[in-house]
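Chain lettering (A, B and C) follows the sequence in which the chains are written, and residue indices restart at 1 in each chain.
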Amino acid sequence: MSDLLKLDGIETYIGQYHILQGVSLEVKKGEVTVLLGRNGAGKTTTLRTIMGLNPASKGLITFKGEAIQKLPTYTVAKKGIGYVPEDQGIFAGLSVEENMKVAMQKDDAETRARMDYILDLFPDLKNFWKKPGGLLSGGQKQMLSIARAYINNNELLLIDEPSKGLAPIVVEKVMESIVQMKDRTTIVLVEQNFMMASTIGDRFYIIDDGRTVSNGHMKQLKQDTELRKKYLGIA
Amino acid sequence: MDVLLNLSLNGLATGMLIFLLAAGLTLIFGLMDVLNFAHGGLFAWGAYSGIWIYSQTGSFFIGIFGAVLVGFILGILTEKWIIKPVYGNHVQQILITLGLMLVLSEMLKVIWGPNQISATPPSYLAGSWEIGGVIIIKYRLFIIFVGLLVFAAVQYMLSKTKIGLVVRAGVMNKEMVQALGINIKRVFMFVFMIGAGMAALSGVLLGPYSGVIHAEMGLEFAILAFIVVVIGGMGSFKGSLLAAALVGLSGSFMAYYVPDLALAANMLLMAIVLVFRPQGLFGMKG
Amino acid sequence: MNWIRNNRMNGIYLIIAAFLLLLPFVHDSRSLFILLTQIFIFSIFAMSYDLLLGYTGIVSFGHAMYFGIGAYCIGIFMKRFEPTTPNFVLAIMTTILLTAVISFFVGLLTLRLKSHFYAMLTLSLSGLFLVLAEKWRTLTYGNDGFTFRVPDFLKDRTDFYLICLICMVLVFFILKRFTNSPLGRVLQAIRENEQRTESLGYQVLHYKIIASIFSGVIAGIAGILYSISLRFVNTSVFTMDITLDALLMTIIGGVGTLVGAIIGAGLIEFAHHWLTALAKEHWIFERWIIFFGIIYILAVMFFPLGIVGSLKNFKWKRAKQTSVVKKEEELAR
């Protein structure tokens, strides 16, 4: 299996703060790679750096064999990477339909097929089609954000803490949908919710203090209580 | 009755002119977080170039067209050379746009001389109608008409076109628009250009209305535009129309009844808004 | 190290001040002294602006307002009442009170919002004051303005020159001490990173208002000196031109350095004087301000530190390099 995305020795500064001090990871096509770690470890910044929102000061990022670390955000997105940020980034004053329209880069048969698929997956969006995004519940916003990232033919989705602040039953729904999407796209997931992460993740990377400190198959992490305790603070 | 109607029309006409200026400011601020202190300069350039073209060609409409074109060009150049280099740094950006305002006003004096230039409306727009014993000045109606037309056009663009959608989305969340694959810098250029065009239009329309144009007019009107932007709400297109109408009407009525307090009344409004609702009546940003 | 360097700079300043002090006793050019007096007055004005912009990071577009208040206050007092010393003092106190109160309210209203609001409000307010001065003819004689007599002790040109010089030096040293004081350091922290300063527990708004008040009062005093120097005041003291002067002087001279404001004032006043003379020969020089406007834009873009700032930066970098080299040499041994 080939590396869809590769990070090599990535360092990122936000202002004068050295947030990422050496992040290296490989994302294999078709898998769900989970980024784990404590609060403030740098997981969100890693995703933002891939997207170019906080450009890397050092290191290499390769996507489909092409170096992207110096590209502006919109170019990175157009190369086929979708981003679902921590706060969902919903345009509150725009309707669900308009939110989707902003995201849609083309209006061809393929895109419409994807639209049908995603609306089947998230029927709530159909119901709220003309309503302003700001009126959606937390779970619905999450679904909209994922739908937006999915609507273009993106080969990679970066999803940041989708379960945050959601009721368990909604988390389950979101989980199911991510699992369903696995065969259509590759996913990098940042998740604090270990149950969710361990259920749907194939591979994991642990980020601590801005560095990647451990990685492997999810099976290993489920068995390694020492590792979990050390970096994630959970048993 | 006659007086009331005339004051109202006067107020609305002035309001439309201020709206054209303020609308550009508010959209630019809403989208780019840039407060263009040079907007008044674009306004003055619109006035001078428009009136000059009118005097050279004899056609007022070619003058208007030319003024808007000048506005577009100056807008693009300003965004590219002045705003872009200092993007992100508020202090630098505020300082630099004021500097540009200064240079623009002075350039006008270099090209057209420091004296006032008179401007009159074309014959078919001059004079007034008498309807039911009430006298209505044609040019005022013309301004109101043009203003509403521009409002409708831009509103249509904002709500029904893709780029309008992107602009509205960008006002809410610039980063996300970029993350969805849209080059927001190009959208900035577009919005700035439109704003500049509207400012220039306002200038060329004002010329025949007030009868004279002078290099300082940019600053005077810019102050009113700022008041409107604050009252209407930074980033709210509709807000700028309503606030402009409000400011125009209040100015018109005050000027008639209590002339010396006109500007003070508007300032008081602005102060009240700043204290109680700094995001303005319709604003989306604080 | 710093102490020695600071004292060296202070020493240089004192020498220059002494030179300027003795100048009238050895030289006798009336126009030169008038020019120098203007430079001193505008230095005070520019320094007050630097306090806001350079040290606290606040952009004001209405500084002419405080300047004009001072100018009119003294004029009105001297015209309406007898030009005596007690009335003079009264005028100064009124100016200080007015400028302090206004700058307090303006600050309170807008400093808690984004920088754009303060800039807009001050712009609009000074426009308001201009209109006020034009219309309140009974008090201000409108656009024409009025002349007035000054108290005896200010009548002599040389005396006035010395008074302005001393005022400037005083303001300079007071502001220098102020900006180096704990309060002043908080202001600089606010300029660098307002959020951080706030999160450290400082009531940022209070500090900003203090800076605003201090700055406004000093600007008012500059205004007083200005109209005394002319013995005349009209609406020009409230115009945008005056605010622009402050802007140009501080930016080109060097923000955040105080001495930069003085150098900027010197440059602009010199240019004004020299180019106005040249304007009589060729009209293009009347538009000299475009030239400065362009320099200003370039300065904001490429040399935000201005003349003095860039020099200091250059020296500091050189010093750093030599100390790095020295350290390496030491380690090599």
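The working rule: a contact is a pair of C-beta atoms (placed from the backbone, for glycine too) under 8 Å apart; a residue touches a chain by one contact, two chains touch by 3 or more.
Just so it is clear, the model here is predicted, and its values are computed rather than measured.
The chain closest to the protein's centre is B, with centres computed as averages of CA atoms. The two chains most heavily joined by C-beta contacts are B-C. Here the CA centre of chain A is 43 Å from the CA centre of chain B. Annotation: 33 Å between the Cα-based centres of chain B and chain C.
One finds 53 Å separating the Cα centroids of chain A and chain C. Residues of chain B that touch chain A in their complex: 162, 165-166, 168-169, 172-173, 175-184, 284.
Put simply, chain C touches chain B in their complex at residues 53, 57, 59, 61, 109-110, 113-117, 119-121, 123-125, 127-128, 131-132, 135, 240, 244, 247, 251, 284, 286-287, 289-290, 293-294, 296-297, 300-301, 304. Interface of chain B with chain C (complex): residues 29, 35, 37, 82, 85-86, 90-92, 94-96, 98-100, 102-103, 106-107, 109-110, 114, 219-220, 222-223, 226-227, 229-230, 260, 263-264, 267, 270-271, 274-275, 278, 286.
Here chain A touches chain B in the complex through residues 51, 53, 72-74, 77-78, 83, 85, 89, 91-94, 98-99, 101-103, 105, 148, 152, going by the rule given at the top.
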